[in-house]
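Look at the two complexes coming up: chain A is in both, with chain B in one and chain C in the other.
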Partner chain A sequence: MTLHTPARRQWPLLAALALLALATALPRTARAQDDDHVFTSTSTGVDRIRIAAAGFKPLATDATTTGYKHLFDNTLYSDLNSAGIFDLVSQSLAPMATPGTPAEMVVAQWSAAPANAAMVAFGSLNVTGGNVVVNGWLYDTKNTVDPKVLGQQYSEPASDEDTRHIAHEFADEIILRLGGGLPGIAETHIFYVSAHGGNKEIWEMDYDGQSAHQITHLDTITLSPRISPDGNRLAFASLGHDGWNIRVFSMLLGRMVSFPAIGGTNLSPAWSSDGRSIAFSSSRSGDPEIYIGDEAGNNLRRVTAYRGPDVSPVWNPRTNSQIAWISGRTGLPQLYIMDSDGTNVQRMTDGGYATSPSWSPNGQFLAFAWDRKYGPGAPGGQDIYVMEIATKRWIQLTHDTGGRCDFPSWSPDGRHIVFESDSGKSSDIWTMLADGTGRHKLTVGGTSTMPNWSWK
Partner chain B sequence: MNLTQRSFRTFTQIAALATIAGLAGCHHKTAAPVDTSQYTPPPATAPTATLTADPVAIDLGQSVVLNWRTQNATAVTIDGIGSVNVNGTSTASPSTSTNFHLTATGPGGSTEANVRVTVRIPEVPTAPVAGPTDMTDDALFHQNVQDVFFDYDSADIRADAATSITQAAAFLTAHPSAKVLIGGYCDDRGSAEYNLALGETRANAAKDALVTAGVAASRLRVISYGKEKQFCTDEDDACWQQNRRAQFSLDR
Partner chain C sequence: MATRIHIAAPPITGRANVGGSLVLHVLFAGGIALFAYTHHFFGHSWGDNNQNIGAIQASMVNAIPLPSTAPPTDNVLATDNPSQTPAPLTPAATTAPKPDEVLIPTKTKPPTKIAEHTTPSILHPQTVAPSNRIPAGEAPGMRIAVSTVSLATGTSSMSVPAGDFGARYAYYVNGINHTVAGQWWQQEPDPRASDGRSVTLIFDVLRDGTPTNVRVEKSSGSPTLDASAKHALQRVDGFGGLPDTYRGDRITVEYQFDYHRPQ
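This part shows the complex of A and B:
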């Protein structure tokens, strides 16, 4: 017996997480301790596929073309590296060759040491007629007879943003083929709050932190962005003269659209996964309670009725028949779930200070922020946790980040979690795999909070 | 919240008991002659009482010291304060000129004492245009309607806050056209969304306390600022306390 009890308790959940992520391998150090536990071949997680991304061949040598080529290469490498299902051949171990076509591809160069790649992505990039044109292939180096897994051509306007987009599209094609059928997330977006001069506005960036741009210009404090499942509407809470109201911005029209102001403090909107309902917190009756309305904010019904703050609802995206939320009805805020008609209330956390739930796309897990030793004089580490709903077992994903972690949000493939880390003086947005590995920062500048990952 | 309600309920109950005690005293007085006719007890000395106030004239918001002395009394009540010791002092901050009325009751009957405290309410500026005009300025408002502060992760009205609420209610009663915006604030620990809900609960607790003290709810508006607006940004107890508050301001 080498593992101490808490670690043992968390193992089945880790295994389930690995299952969820299919090929998301467990950390090597964790696997090494796995002497006295029985795992099926599936529950241990599949080994990561070793893949190489060859530098794409520029079909011209001018600075524009080579510039786009480097941008494309870096983006593709980063996408594959952060996907969580690959063991990416480091650039120093890859052959110097840049095969631009299947004819120029010598598979043996890539399957041999030191690259030892099982898969290799390669192709060419050209700029013609104002467009960036990319031909990309994915080859299986073990299949010498018919190695082609994928062959794609892309043509988009010649710009940095479109070049990055092509790389994201190609990466997502590769991830879809090799990742157990789950679509990749390289084309997804993250909405977040950015503070400037006392105001807070909603911004959007690519999933890798690139192409950040401002969405709202309301000149007030705007919080809790939640993008609709179809990506067309952005709901949030905004402070006006009469207090906090839920407001909606149309991504299609590029302007605010109406949403009823119902009085009281209205916070933390949440779309059901069919896009037909919005849950949010409202104090229209005097005490913050959870309400559910249709997508236009009409036909409101109240689903909680207990003194104390009720806030931050999220739907079970698999069924839309359950809601998780945060309630201070017993004192410090705790994580609860209930049926969406307000029945079957279950408290999920057993103490501490729990906030900001996010329901995993497969419906099995809740990610949330938790300070398990909250109180005056307590060290007060607030970290991101994931709880398996069926068993209430949890694992801690962040450790010693030097800040309070908050507002986790699942990626649509369920393999990643984006969150905020706040040092007190500055706050930035980080992302990690759903097992806590691969953590890296997406924003700089220390003014970014409350990330919300798009549904697709 | 529950504690808050409970404390105010308790206050109400005490007031009710005091009223009942006062009524009981009155009944006792009328019952006494019936007893004496049957048992002829030794003649009891009638009680005496004096009640003074220092000073007898104050500016609005200041307080006076009431001082009373009685003899041969077993129960003493002062209207608006309730049952008190047979001899004692008390401070009061009346919002308008008030006759303090003391009733001393003993075996020999009862007696009364009165003192009038004049409250100088500041001159109301007469604005040439229509609108709420019985306010003087923000400074006067903030002098009399002071922010209340909260304990860690609590929305309960503390004892020190109850004093502020009483004074604020008196001022608002004297200025019936003033409307008040109550802002709820939290320190910067904890989560932004939850703190907005908690700030709402704090502001509502302050609102409920003012309503209980007689201020019309329609004059009070609540906005939670959670930890979005901070009075200070130091990471220490003093600053956190500054940020855990319900702030009152004139709602224009």
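This part shows the complex of A and C:
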């Protein structure tokens, strides 16, 4: 790759700007060479099972019960539809009957045309004693001898949020049974940065964009939220009196907990999957390098020592023995992997402008943002790519989104990716299946960025 | 007397010559610059228009419509295209028979009679496979307890030998099959040595869904294919707990990996 001298001079500044999400107006000073068009594909694991979600039968006709019933039905339908492993029967093709119990269930109605469902989820919903009580079943319509796959009962306080939670739980049970043992993600959360209140603070929402609420109230700029694997601690980079530092918020205590300030600009923290180590980039020595410390930020050790910025580390969650990161040691930022002791460095991308890696839960893939033809007048833009690490083959997931795509983050089941799409005027958070299909927007308002999917 | 006419030419000095030349050059260069300047802003340049400043827009066509080769005609009703209306039917010309003519009757061939084939076919002795089905009533929802997945580089199929697990819990068998298939990294087998070969593994699935006791039942003869199959099982954390209504504590699964070289 041929690089011009100005790019080398400007790269440290560009890297810092990119990390601060201000890279929209970066000068395009270099052009990457073309490379071979080699494509691979990712598998979401399971062929799609045709499943029907029958409307749950309300056991009372009052407005409260009916309201919760519709909320439950819509949430369950949405969860199953976005799971990525089902071919959901359209509600217009479902039989008119609304079975509430197994005795009312006529399997043949659902296995026959036009529904042609292989599985059907049904049940009843009632509001008694201030609680929403849901009985749900999953039936195998092709097995008339013993069709029951799942039968669950839930009882939660009567509220919209708890009703949605019941639907998420039931959807996850179905996905666990039919998805080859991979747990569903309906109960997971997404942490992200939002400037909704004027300052960039950390927010949290359900995986489907519902129940968004603010986590931090630091009245400053906070970036790069990363939730710990146990879900108890939230690490992020925050601008304080002494510059950019890694800070940690306890989700259990609801307040900040201590994390040492080591000097320099400290950005992009990353938890190991065992929750015992945290990697981040620090310029305490003058040059941004990757450091690894324990969960409290102690026992720091530096694992990169090459001139040029090294930022955005992520662990291989499968083994915790490898780290992928972005390095500008050869000019424009490229994707690298190395062992967690700093050895065995491999460059993964061969050109362009790569940022924001995210390692898939099974350790097989890296998702990252990549501008393959970086330079003045170059075609294309920044999109989300997935690379198979063993072969370095890649696939482009986003096309023509009308803006820069950045900050991909894998869901814990490895079937979904959440990312940010920035049109220049506004940025919102989107989600899609890991093969690039099923893309839809989660946030509105145009002030959301840097999503991070929780571990469970 | 000779008249002497003195024509006095104006004295040409070197300085005036140079000065005039400079003025003319400056004026000429200034004119070119002014023309270029005004033309730059108010005229059009090559490959440029107001909608696409800074880029050349080319419209590629694969055919240019040439003029018709048919000669022109003054008939306003003439057309190059034939009418779609079919021509009117003309009755076939028939000649009336003469009054004293004796018509020769047309001979018709009688149909050939074909004797029915009554030779009985030879009955070979038939062996009927023993069945353990209960003759009373039918067994609805019979399922084949073998699940097959088509992959880019072959197929993988599996069966649960014992009991009717595959028939009762086909969805679970399907989940096992696809989970293992998804973890089979098809770049691991050597394409040439493994092409057309298959390896069969046997493993147990415990109550909590964990695969264990993986062994090769039938080797493919290609060490890389055998290893890739075992690696696929090693990458699986679990298949999810066995179905609630299943009373056993484990199931044994036969899993066959068929490899075909990618095209």
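FYI, the second predicted complex is superposed on the first by the 404 of 456 C-alpha atoms of A that agree within 3 Å, B and C clash if a C-alpha of one lies under 4 Å from a C-alpha of the other, contacts with A are read in each partner's own complex, and residues count from 1 in each chain.
Keep in mind that, in the parts below, contacts are C-beta pairs under 8 Å (C-beta built on N, C-alpha and C of every residue); 3 or more make two chains touch, one makes a residue touch a chain.
Small disclaimer: the values here were computed from a predicted structure and weren't measured.
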{"item": "Clash or fit, chain B versus chain C on superposed chain A", "value": "fit"}
{"item": "First, second, both or neither for A:119, with chain B first and chain C second", "value": "second"}
{"item": "First, second, both or neither for A:412, with chain B first and chain C second", "value": "neither"}
{"item": "Partner chain in contact with A:381 - chain B first, chain C second, else both or neither", "value": "neither"}
{"item": "Partner chain in contact with A:307 - chain B first, chain C second, else both or neither", "value": "first"}
{"item": "Which of chain B and chain C A:84 touches, first, second, both or neither", "value": "neither"}
{"item": "Which of chain B and chain C A:391 touches, first, second, both or neither", "value": "second"}
{"item": "Per-residue touch tally on chain A - higher for chain B or for chain C", "value": "B"}
{"item": "Touching partner for A:362 - first (chain B), second (chain C), both, neither", "value": "second"}
{"item": "Chain B versus chain C as contact partner of A:269, first or second or both or neither", "value": "neither"}
{"item": "Lowest C-alpha to C-alpha distance for chain C against chain B (Å)", "value": "14"}
{"item": "Residues of chain A that lie at the interface with chain B and also at the interface with chain C", "value": "none"}
{"item": "Parts of chain A lying in touch with chain C, wherever the complex brings them together", "value": "43, 45-47, 49, 118-119, 140, 142-146, 148-150, 176-182, 362, 364, 390-391"}
{"item": "Of all residues in chain A, those that touch chain B in their complex", "value": "200, 221, 223-224, 237, 239, 242-244, 264-265, 267-268, 281, 283, 286-288, 307-312, 326, 328, 331-333, 353, 355-356, 369, 375-376, 380, 382, 404, 406-407, 424, 449-450"}
{"item": "Contact footprint of chain A on chain C as seen in their complex", "value": "139-141, 143, 149, 167-168, 170-172, 174-176, 178-179, 181-183, 185, 187, 209, 235-240, 243-245"}
{"item": "Residue numbers on chain B that touch chain A, as the complex places them", "value": "1-2, 152-153, 188-194, 196-198, 200-201, 204, 222-225, 228, 235, 237"}
